[in-house]
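Two complexes come next, and they have one chain in common, subunit A, joined by subunit B in the first and subunit C in the second.
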Partner chain A sequence: MIRSNRFTPYLLVAPLIALLLFIFAYPIYKLFDFSLKRVRGFDGENIGFANFEFLFKDPVFREAIVHNLQLLLAVVPLLLVSLIIAIALYERLRGWRFYRTLVFMPYILAVPIVGVVLKNMFQFNGPINETLRNIGLPTLAQDWLGDKNIALWTVLAMVVWRESAFGIILFLSRLLALNEELIEAAQLDGANWWQRTRYIVLPQMKGVIEFYSVIGLITMTASVFAYVYIVPGKGAPANGTMVLELYIYNWAFEKHQPGIGAAASVLLFVVAATLMFILFRVR
Partner chain B sequence: MAQDTIRLSQQVEAGEGAPSQHRSWMTVFSLQAVLILAAVIALVPAYFMLISSLKTPENYNLDRIGFPAQIVFDSYAEVLLKHDFFLWMGNSAIISIGSVAVSTIIAALAAYAIARMVFRGREFLLAISTSLMAVPPVVMVVPLFVLFSQIDLLGTYQGVILIYAGLLTPFSVYLLVTFFRTIPTELLEAGLIDGASPIGLLWRIMLPLSGPPLVTLFIVNILYVWNDLLIALLFLPNERLRTLMVGVSVFQGRYLQNIPLSMAGMALASAPMLIVYILFQRYFIRGLVAGAVKG
Partner chain C sequence: MMTKKNAAGLSRRSFLKAAGALGAGASLASALPAFARGLRQDALELSLWWWADDPAYKTWVDDTAAKYGEANAGISISTLQMDTCCVISQFTTAAAANEPPDIQFFFNGIYHMENVWLGYVEPLNDWVPAEILEQSNATSLSVYDGKQYRLGWYPVPLIWEYNKDAYDKAGLDADNPPATWDEWLAACDKLKTAGITPMGGGISDGFWGEWYLGNALTQSLDTPGDAIDLFIGDKDFRDPKYYAFWSRLEEMVSNGFMNDDMLSVDLFTAATKVTTGEIATTQVVGSVAASHIPLMGDRVGLMVMPVFGEGALAGVPITDTQGWGIPSGTEHKQEAADFLMYMQSPERQTAFWETHNFFPGNKTWDASVVTDPVLKQMYDTWVGGETSVYIPDLMPTQFWTDAMFVAAQEIIGGNMTGEQAGEQNAGIVQQWRDLNPDLVENYQKWAEGLAAAE
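Presenting the complex of A and B:
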């Protein structure tokens, strides 16, 4: 430890404290305050829990929650896809570095940009459906973004497509850090590739798999705004892709009722805090 | 956690040669098939974007999948002449670099004190700062918007830079504290004997040794700000201050029918990050693995 003037450390952390108070503490305090008010402009009168009552009665809010819960299912394909591809890369077949560069590319492209491209690909008369018709599977051609029952799953597939790139790299780096003596020993004992992977490699991946699962849950709960804003377009069709983040955005900024947006934010804040608590427990 | 991920990130660059050479040809064949399929799926949108951007609208209407009947650059010309992509990129660059600079300076000063000095509330401050990583940005948006309209920070570079810097800083502090704690005490004591001030130690000893975490912070944080839509959309209503992502979302809404034009815009918009990725691929991958804790 460095001996110093007793005021020096406080001077060094002062800017941090000021920034955190300004960007986190004050807004979170105000959030709880606004959630109990009918906010007009900068403030408003206290109305108790009326905003929350409104939320629980609003069918759109319920839809948004259900959609976020459905999106949580993405964690399963995210894990599977990332694991399979990471394990395939780990075998370091010829040219594996080149494949690694390619499979990571989706993560470099920004969500709004990817969103616009995928949106066009999944149009009813777009290239996806055209390909399906060309290869003799016209019944599989769907209105991917226009059908209320399908749009959310299309968005889910897009999220998996992009976010698994990160899972692959995370898992691959864990794999490359494994102690390979164990694997070689198993090989000398006559274990085949599948047995080595199943009984030696996967058990050692437990920690990083749990870690990535929680990251996946947080992503699906609180960072899909750009996807639903761009791809089907602001929660279309008929709120088929309405999620919590977009719900907050709509009430606070499109319908100018920050109180209701704040109440929904309070609920999201509580959920996120719980997930983060789990994340630290997992680690 | 960060130490783990920093260590992991060094491993991404392991050499050629499999852990196990004894694989049946069936296994090798299936693994190869998985990789090829994955690479194709990863590339399809980029392929679609590029070939469509080089078609005429008539060509696109007849054929949505194949190569252009004739390569035309009309869409690119129109995008460049009629739209402000370079202005948006400039705004994005100013805001990304500004927020990363502010965040890194504030975080480095604080992390230095937290990692290397004794003071009251040290552990508490670190715990609070770290747990703020979990708060979704959308939660702060409503009260910040009201506050920013009250104090006239809405629609200014300084305003959004402050917000982004705030959102980035908990992660920056966490990563730097973890790294600063690994720097050998002897080095700092030697510096003190030479008469360096506390700030001198940070500037002349700690930071020059912190290349890897600083590269990580730079990449993870720049990518976050450059790619963000929500905050830029709300806090920069002024058309001249639009970031690239906001520009992209407005632009695409106007050309839902002209797909070649829309795709030319997207190709142009994705170019800067793709070029940086291809040039600095190794740092990107290492940095993002080390930054995994940010989630």
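Presenting the complex of A and C:
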């Protein structure tokens, strides 16, 4: 029998910790290091907190934060759309297995592919506006991607459309694992569809809904780069779809100022870490 | 005797055997790179990273690499075609990590000069004879502090292309396109009356704005150094002379002379509309206009942007050049230089023309083979004659993303005037100067060199 002392568990996990440190700690250290420098190539002159001062004064940075906050609003429709469609499929509508495959299709396609297709569809003279004009609704034809006041909401709708596919499958798999006896019992007791959904189904899905909400928040905060880079194009029109990811990318790779990109990343890191800390404390 | 086994069922003997085998394998693996290096001493493989306006130029690049390998025993060239987004940024990263390729494609001006200032690009003067450097047509924007860092590959003429049939339909003289701004506005009126969009483009990706700035800001400049003065603060975008080009754009937008979907389409999607006559005029580069010849024949019209500015460069055809350089970090500079010189050989220049029906950059190339009237006009005007450099090659990249890209889209969206764009541009260049005092110094030195070259 192997005798262990209190250090044994730490020794056992040490290799993995070392690997994680190697993968994550050095980049995070460099991130903080870069944020205090005017980086040229791989290093640069130390300039204190000048990069952070710049960020706090930069209107584009504020604009990017506002846009990310606006995108967070998408989490609500994302949840609702996913839930409603998942429940509808769970009710085993005629051909539900086909619909299940169909609704998951957008999620299988890579964002750039979806992006290029949607970009063409939403052009000012693209198929969507042409259809609206041809059915006598020309006033509804908008410059979905070219109007600064509309473009972000167009992107939001696209994100909801594609990302809800994952939610639908997630919710549906949970629904299919529910104890059907409870539902049948409620049915025998005379509960209607809404009552069964409200009092039997949804309470049992609380965990997966919470999980998907967190996924949605992460998506809207840190996974919309491909959408805004491809669909309207580089945060167009005129920074109308600028988000934090693109802002960081632009400074790091387009404007060759990795220091400012790193400073913005550090702020994002600090905010995310704080939120995680609060979340863990609450739970 | 029973062998003691661990929980997984692996005997101590098996474990020791496996450990021994792994150790031997690891030793062999660590010896392989040295072995491979030894082999490479006899067979040198040069790496080449490249990009081109037309991806089809791969045929010539690969053919040139293959033929060079055939002619030079023991040397081979491996080519890697890069994406527009990454061809320079990946080079910078590789150079910083001291792992650059041996030969690198470079855009002109600031797009390679930033790497020059970081010490990642080798001056070619010690490796390539002066006459070849000059003949390659790399332009003055490849020179810094008296040293040349690129050899030219092929020219990139900046052209206003128009559809002659559309001009005919509007009652214009298609063989004599407008030369002044007033003539242009009058032509736009006629085209609009005929139901044709006079000027078109797509700006969702921003490049139409860059080309517009290249064509239009140049008209207010006397020398390329004036553009650098605008960026380093010796001249001011708030001066009406230097935001006039934005006002001209505003004028075209407010008169309804441009396509209504400009903000939602990209550059090349919109450019093809000139071939169908949906738009009468657009901005293109030479290779794009050449690709329209099979579709339109001699109905492809080429003109220099009509003149509104009073700078010495107003009305002068603008031509950029793509090119090649040698990274400082390569151990094979002489071999890389030999390959670059091979690219400039008459045989390779002719092969470029014959393969892609587009001109190589070298000044010694015999252009008498160009018989197509459109291509001949393009060559005579934008390559063989007096030309100006492409001013956006001097823009700090921050100006591209924050000033040019934003101002062009705001004006086209009707949200900004030319004067406001000048104000916005001035603010961005001030911001750039504050953030990059070291680059401002380099720019000043660059401007002095350009002024001396004029």
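One rule holds for everything that comes next: the second predicted complex is superposed on the first by the 247 of 283 C-alpha atoms of A that agree within 3 Å, B and C clash if a C-alpha of one lies under 4 Å from a C-alpha of the other, contacts with A are read in each partner's own complex, and residues count from 1 in each chain.
Everything below uses one rule, namely that a contact is a pair of C-beta atoms (placed from the backbone, for glycine too) under 8 Å apart; a residue touches a chain by one contact, two chains touch by 3 or more.
In this text the structure is predicted, and so the values were computed from the model without any measurement.
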Check: If subunit A is used to align the two complexes, do subunit B and subunit C fit next to each other or clash?
Finding: clash
Note to self: Output check: A:F42 vs subunit B and subunit C. Expected answer is one of first, second, both, neither. What do you get?
What the structure shows: both
Notebook entry, point to check: Just subunit B (first), just subunit C (second), both, or neither: which does A:F22 touch?
Noted result: first
Next item on the list: Report for A:Q257: first if it touches subunit B alone, second if subunit C alone, otherwise both or neither.
Entry: second
Margin query: By the touch definition at the top of the document, which applies to A:A222: first (subunit B), second (subunit C), both, or neither?
Written below: first
Checklist line | Location of subunit C clashes with subunit B - one stretch out of 19-27, 37-45 or 91-99 | finding: 91-99
Check: For subunit A, which residues belong to both interfaces, subunit B and subunit C?
Finding: 42, 119, 125-126, 233, 253
Item checked: Partner subunit B, residues of subunit A touching it in the complex -> 1-2, 4, 6, 8-10, 12-13, 15-17, 19-20, 22-24, 26-28, 30-31, 34, 39, 42, 84-85, 88-93, 96, 99-114, 116-121, 125-127, 130-131, 134, 161, 165-166, 169-170, 172-174, 176-178, 180, 183-184, 187, 192-194, 196, 211, 214-215, 218-219, 221-223, 225-226, 229-230, 233, 245, 248-249, 252-253, 258, 261-262, 265, 268-269, 272-273, 275-276, 279, 283
Check: Residues of subunit A touching subunit C in their complex?
Finding: 38, 40-42, 45, 54, 60, 119, 122-126, 143-148, 232-234, 236-239, 250, 253-257, 260
Item checked: Touching residues on subunit B, where the partner in the complex is subunit A -> 1, 7-9, 11-12, 14, 16-20, 22-24, 27-28, 31-32, 34-35, 38-39, 41-46, 48-49, 52, 64-65, 105-107, 109-110, 112-114, 116-119, 122, 125, 128-129, 131-136, 138-147, 149-150, 162-163, 165-167, 169-170, 173, 185, 188, 192, 198, 201, 223, 226-230, 234, 244-245, 248-249, 252-253, 259, 262-263, 266, 269-270, 273-274, 277, 281, 284-285, 288-289, 292, 295
Note to self: Which stretch or stretches of subunit C touch subunit A in the complex?
What the structure shows: 89, 92, 95-97, 114, 118, 120, 203-206, 260-266, 396-398, 400-402, 405-406, 409-410, 413, 415, 435-436, 438
